[in-house]
């Protein structure tokens, strides 16, 4: 039997969001996205377990992320509260992001 | 309530190893480590589900990785076969690497 | 009618949400309904502030009126920003929502979430004021 | 005694392992015991090839002898590389193994895994040949 090896170096942007994300605080979120965009990550992992509110301003930043970083960006939303899942589903964004309990590959 | 956000961009080297890792094939493993070391990853994730043999030559490359990339490197060994876990345990390497079923953070 | 005045700036969003959350809890709305109403008022307040006042070069307040009666919690926003009727705005449709993120229009989701989130939504223009009216049905056994 | 000759180069490691795996299976060793013996022979063969031959500027073969008797599978490596008795080599101790990776010596684990892996390990130097002897206990009901 032989040996096979493949390798890849992947850049992952990890953000922890907590509290309430409205159109005021979404500016901070957007600024962070712009900051990490400079490094062209392949995955964007949002740890949102303690995020209790997200308005459409947060959704706008998600769409902005993909447009800024590129269509190959994979977005992971880790442990969102049920009300936030509802918002993602109502706006169809759940088709474009990965809603997960844990980021892994 | 307010909003808090922190962000980090993490480089993760992901390698998939399959077959048998002995002192001949460990040279390929070492070459891959040298290749990814140039990018200074923070995590080294070894997907070894289909690796059926690993001699001490493989262990040497693990130690080499940490010495080459730096002590902050976290090594994840994902889904090793039981015989390989035994080797890691017998040599105490299980203290220095994370043996997991899935890489996540 | 209870009434409370908030300045028409983004800083008011958080206190408006907290205020409406309290009204919801007093009315006995459950967690989900409370969140939907809170989200709806946040979206409409944002639009009044950003488009109705700021973008139009105006400034002003948002008056939040509320009433609990007939098994309904009614919250009314009154503002003197430019006239805008959200119910006449073209809403995105399913097709838009199924597009990949990178092809989607940024925006257009706020009014959609408002209208889908509350039990009834109405708009009136009365006495030179926009009146955005949010209504949630209340379980009378809970108040 | 069965016997098979392998050239003393790293290319032989794979065929040596496959050969010893077959012997183990014929002897009825279970999966774990088979792996441990295979690992042990791989480690010692590597050392003979790299240190006994290559590093010493020599070349030669490894003769693999085997015998199944007295409820034991015995595998013997004979080589004409420089004399080396693995049993006299200082083995790393628990303390070494508990050190953080970056402070550990690279190496020294091969002989340890060999000695810990097989049921008995012996070394002899006979007729100008190193003889590394690996013994696994066999469950006689299985052969």
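Read from first to last, the chains carry the letters A, B, C and D; within each, the first residue is number 1.
Simple rule for what comes next: a residue touches a chain if its C-beta (ideal position, glycine included) is under 8 Å from a C-beta of that chain, and two chains touch if they have at least 3 such contacts.
What you see is a predicted model; the values in this text were computed from it and never measured.
The chains that touch chain A as well as chain D are B. Distance from the centre of chain C peaks at D, each centre being the average of the chain's Cα atoms. Here the spacing of chain B and chain C, counted between their Cα centres, is 52 Å. Averaged Cα coordinates give chain C a centre that lies 77 Å from the centre of chain D. Centre-to-centre separation between chain A and chain C, using Cα means, comes to 26 Å.
Shared interface positions of chain A, i.e. residues touching 2 or more other chains, are given as 1-2, 20, 22, 53.
Listed for chain D are residues 14, each touching two or more other chains. Within the complex formed with chain C, the residues of chain A that make contact are 20, 22-24, 53, 55-57, 59-60, 62-64, 66-67, 70-71, 75, 82-83, 86-87, 90-93, 95-97. Within the complex formed with chain A, the residues of chain C that make contact are 10-11, 13-14, 17, 31-32, 35, 38-39, 42-43, 46, 50, 94, 96-102, 104, 106-107, 109-110, 112-113, 116-117. Contact residues on chain B toward chain A in their complex (touch as defined above): 1-22, 25, 28-29, 32, 35-36, 39, 41, 52-53, 102-105.
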